[in-house]
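Before I ask anything, here is the structure I am working with.
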Amino acid sequence: MQVEEKFTYETWPAHSEKATLEAKNKFIGFWLFLGGETVLFASLFATYLALKDKVPNTSMPHAKDLFELPLTFAATMLLLTSSLTSVYAMYHMKNFAFRKMMLWLGLTALLGAGFLGLEIYEFTNYVHEGHTFTSSAFGSAFYTLVGFHGGHVAFGLLWCLTLMFRNSKRGLDLYNAPKFYVFSLYWHFIDVVWVFIFTVVYLMGMVG
Amino acid sequence: MSTYAQKKGFGATLWDFLTTVDHKKIAILYLIAGGFFFVVGGLEAMFIRIQLAVPNNDFVSAGLYNEIMTMHGTTMIFLAAMPLVFAFMNAVMPLQIGARDVAFPFVNALGFWLFFFGGVFLNLSWFLGGAPDAGWTSYASLAIASKGHGVDFYVLGLQISGIGTLIGGINFLVTIINMRAPGMTYMRMPLFTWSTFVTSALILFAFPPLTVGLVLMMFDRLFGANFFEVTMGGNTVIWEHLFWIFGHPEVYILILPAFGIFSETFAIFSRKRLFGYSSMVFALVLIGFLGFMVWAHHMFTTGLGPVANAIFAVATMAIGVPTGIKIFNWLFTMWGGSVKFTTPMLYAVSFIPSFVAGGVTGVMLASAAADYQYHDTYFVVAHFHYVIVGGVVLAILAGTHLYWPKMFGTMLNETMGKITFTLFLIGFHLTFFIQHFLGLWGMPRRVFTYLPGQGFETANMVSTVGAFFMAVGVIVLLINIIVTSARNVRVGNDPWGDGRTLEWAIPSPPPFYNFKQLPLVRGLDAYWLEKMEGKMAMTPAEPIGDIHMPNASFLPFTIALGLFIAAFGAMYHVDHKPWALPVMVIGLLVTFASMFLRSVKDDHGFHIHKEDLIEKTDKGVEA
Amino acid sequence: MKRLAKWRLISLFSILALILSGCGQPYLSALRPAGEVAEMQYGLMKLSTLIMVGVIAVVTVIFILVVIKFRRKDDSEIPKQVEGNHKLEILWTVIPILLLLILAVPTVADVFKLADVGKMDKKGAHKDEVVVKVRSNLYWWEFEYPDLGIVTSQELVVPTNKKVYFSLHSSDVKHSFWIPAVGGKMDTNTDNVNKFWLEFDDKKANEAGNLFYGKCAELCGPSHALMDFKVRAISQSKFDSWVSAMKDVKKPQQATSELAQQGQKIFSQSCIGCHAVTPTNATPEKARVAPNLTNFGERSRVAGILPHTKEDVKAWIKNPEKFKPGNKMTGKYPQMSDQELDALAEYLMGLKVQD
Amino acid sequence: MANHELNSGNPRVDIEYRRKKSKEEMRYQIVSFTMMLFLTFIAFGMVAAKGFSHWFTVPIILLLAVVQVIFQLYYFMHMNQKGHEAPSLFLFTGLGVGLTAILTFMTIVWW
């Protein structure tokens, strides 16, 4: 199959994300990369758990004193919903509905940006309470873990926007379909990591 | 090397190599760069041995010795052994499975340039105020306390080259999963391909912990974090764990490809299929799996407690079983065979006793209570040099001789090869055997000197003499390479005459598209099967058609270059140099701009047309 | 080829000669165990070596047979392509497992035995165990006896034929505490206190001249190689009298000779800020920034490495950097004239608690 | 669920079949999403309520997280479909390695 071939609704293949050899490679390669990312985040989680609440003096805030449930809940809702919107985008890609796909992708990016905004707001709050990157081992570990995730979200945003910008005039073909698909995998993976962050860092931090 | 290549000037050739995405050319780049760093690391080793030849020597100062010792370990592991292994993987593995290239040719080139710039960055430390001096393990308390920028060079250099290795690993995995020729099932893959597969999986899971460890140390040293700052609540043992979660699989990342090369060598020069193929594959996978369960045996004396020590001791011993299986399978591959002692075979044969010696001391070290005596002494130094030199380096030397004709189309001189072998093997045992005893007699490792009167003098002198044998052996190899390249006698498809796997079925060096028609694989040792039926070539699995090839690109180079530049900015940012931050930003911009360019500019590659392929066959230019 | 054979022979002989030349020095070698712990570890070494030599023997026999018997004689011969042999493969899977089990059982037992330090935390007046708090510093060692209330440096003094418990900690970077002849090592971490025990055999201590060598076994900086210490292992009664002699030093000893008195004056001007000359552990650890010199005159080495002579003391004080690069003493005190050095050395060599 | 072989020969039938399949998949995905929202509510609610003991809450919220992630992986990331053998092998191996690391860091890093 030629990658630049023009398709119609009828001829669009069922698995456009895996229709060519390049696409298959991309698909498997990205999953493997996610396997590696799992170990990366696990190492960061491990470090965080080992250094949780390790502060040089008792006057400094612990996890319990810092975190606020409503903020985390709002961030969680944003990211969860963005996961659903990117599922919708993939649904429309399958049906060769380019405009709709772009719409849902745009929504995904918007939700992601909202999440990032909340996270930045949250971090500035903590800094005011004396919990900074350099104030304690706990601080370093917290910002590194959550910041790594935030960095992934930011990179995902850039990626999403680049994809949308580059392909806005072109429409769907077998060259860019796997790209959109792989992006959606990435975005779901970010959500997976976040599920563990809000559970292990925030909720377990609040419980003590 | 390609059929399309005309006689070109130096500039054009250079540009060709800077932009190539061809796995065979990238293999040559890995071979050259890895070979260069191997010589650098070897020189460092010679300085170490000269310094230790006599007690209270002052050939190098204490501080400089620590830098040399650190760089010797780091260079040999990250910049010599791994890239050399990668060279063979790149050169041979796609051919062995009948693929036209790796899955991501662009990423393959990017991996090389990241490794290369990381290595160059690390070695620039010699000229920019001193190399890292905290040992290749760079334990946190000492590494954090280390003054100057040495450890920063270590952290940033390894980070850059580590990313290169990681994406290289993913690339090989996808290639093997997706791009095997028709009929090439998993259980028909040559053992070198299997070892590439398992090794790449280990890379995929082992490098992220290293990345995290390096990030933490970078944050601590450059950006004021407190992961390892005990007074701020930090903990240095975290580094030890992260490093060894990576570090132990790393040992297998090096040794498994060596097993692969030797498996091929034994089969080829015994003219016999590998004994117990399935159990060999099983053993490979098992070693890879166990490799992740044993890292804390490097930390027996850290004080993890008896429960942890006991568990990790027993788990470590378990690795002896699959390794033993492999040794006996190799022996029985030769049993009943028709063994020809070529240079690669000599390395393979001498590998068995050398590696067994290293392996059994490994089991001795696994016995935790006894390890309290061995730990951090010359016994350990002897052990890992027996495994790494007696395993990995011998394999690299064997592979160099074995695959040289496939990579360059000309054979290394056998006589000189055998001279190298003899000198190197004698030197190796002379250098390291005695070090077992030095350790047991009470000599700690990583000492820049020792006091007279402790009984260490003679043994150290013997060890130094041995090192010179090895050095001369390597020099002979270099001369061999120069002479061979100058003579440039061309060879055919199967220069050893006993090739068994697909890479020997096509010309040496192969055309840049590898296989004109993908071969049909009918069993293990596909080419051997055809030869036994009297055919001289593989049966094609497809009609001649257009071949899709990737375009060359300069972007891998610039992506890596950007990170290289940014690393300088990050490092000098702690000195409050006004230019540091701009340099970092510029570097990152170069990287991200290149990545952006890559994603917005479509790269559909090009096609070699069917007519061109047929035409050439008719003229008899390429088979 | 003949020359090569000769070389092989020579190297073989030299290695053999070295092995036969002994098992190292009695005061230093792990192969001359001088206590329960080292004995236990030596036992494991022997057991594992025995097993391993067995394995090597089997491999060697097959190896030699193969290499001799199956050389290619005829270039056209094609051997039979054997797939494998399940019986053989099971054999060389099961036997190694059994061999490893033989090694694993005593290993695990010993690991737990060596980690048994329950007795050291026992409280109360009847405590009979000797406990030593080891604190490692950039290139020197401090030994504190918390139950006895005394501190000494560089030279550990212990009673023989008795378990000595150690608690280990580092005050700067990670080091590792190792007395090869007496038992395996343990790291001194910056994060936590590690604990283990050793036992010093009386007879073996006598053979070793009652002085064992101790080493730092973890890379800790430029002078890692020179971070040696010594262990004076003496009988219980001698140990007791040493302890009471140490305890008797309530305030700095007064020098007797005129030269030494001069030296003492210099010492109290330039040195006492870091070096204590009383053995009490009343001062906090952080303030103890240099080796305690209470019984310096009785030690066997200067700075842990130099011969114990007046000349070496002078040379050391004159330029410590020359002997231990990167040490913390260099530059902490004013330059001294030869006359001052002479006086200082005289005073220091006179610092003895026992006659 | 989804099918690689679409060989009825009639494109119209194929399309309709595929549309139906996609719709069906979408329904599963919406159900998963609702479930995930629900589980998140429970988790946050348990912590907000503060009435439960630590030993009760922590395992439950961890379990809820695992269930959520399974929804993500199998429905949103399509791991329930064919052709995901290599992905799941590598993802779960990575998970195994990661969990070993986490277990270690929680047991033998501090004394």
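Here the chain labels run A, B, C and D in written order, and each chain numbers its own residues starting at 1.
Heads up, the rule we're going with is that a residue touches a chain if its C-beta (ideal position, glycine included) is under 8 Å from a C-beta of that chain, and two chains touch if they have at least 3 such contacts.
Values in this document were obtained by computation on a predicted structure and should not be read as measured data.
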{"item": "Pair exhibiting more inter-chain C-beta contacts, B-D or A-B", "value": "A-B"}
{"item": "Centre-most chain, if every chain is reduced to its averaged C-alpha atoms", "value": "B"}
{"item": "Whole-Å separation of chain centres (CA-atom averages), chain A against chain C", "value": "52"}
{"item": "Inter-chain centre distance, chain B versus chain D - centres from mean C-alpha coordinates, in Å", "value": "37"}
{"item": "For chain C paired with chain D, centre-to-centre distance based on mean C-alpha positions, whole Å", "value": "54"}
{"item": "Computed distance of Cα centres, chain B from chain A, in Å", "value": "34"}
{"item": "Overlap residues in chain C, where contacts from two or more other chains coincide", "value": "192"}
{"item": "Multi-partner residues of chain A (each touching 2 or more other chains)", "value": "28, 32, 35-37, 39, 43, 47, 50"}
{"item": "Where chain B touches two or more other chains, by residue", "value": "173, 177, 204-205, 209, 235, 237-238, 245, 303, 305"}
{"item": "For the chain D and chain B complex, residues of the former touching the latter", "value": "86, 90, 93-94, 96-97, 100-101, 104-105, 107-111"}
{"item": "Of all residues in chain A, those that touch chain B in their complex", "value": "3-4, 21, 24-25, 28-29, 32-33, 35-37, 39-40, 43-44, 47, 50-51, 54-56, 133-141, 144, 162-163, 165-166, 175"}
{"item": "For the chain D and chain A complex, residues of the former touching the latter", "value": "2-4, 6, 11, 15, 18-19, 22, 25-26, 29-30, 33, 36-37, 40, 43-44, 47-48, 54, 57-58, 61-62, 64-65, 68-69, 72-73, 76-77, 83-84, 86-87, 90-91, 93-95, 97-99, 101-102, 104-106, 109-110"}
{"item": "Chain D contact footprint on chain B (complex, rising order)", "value": "173, 177, 201, 204-205, 209, 235, 237-238, 241, 245, 292-293, 296, 303-305, 308"}
{"item": "Chain D-facing residues of chain A, complex", "value": "9-11, 14-15, 18, 28, 31-32, 34-39, 41-43, 45-47, 49-50, 69, 72-73, 76-77, 80, 83-84, 87, 91, 94-95, 185, 188-189, 191-192, 195-196, 198-200, 203-204, 206-208"}
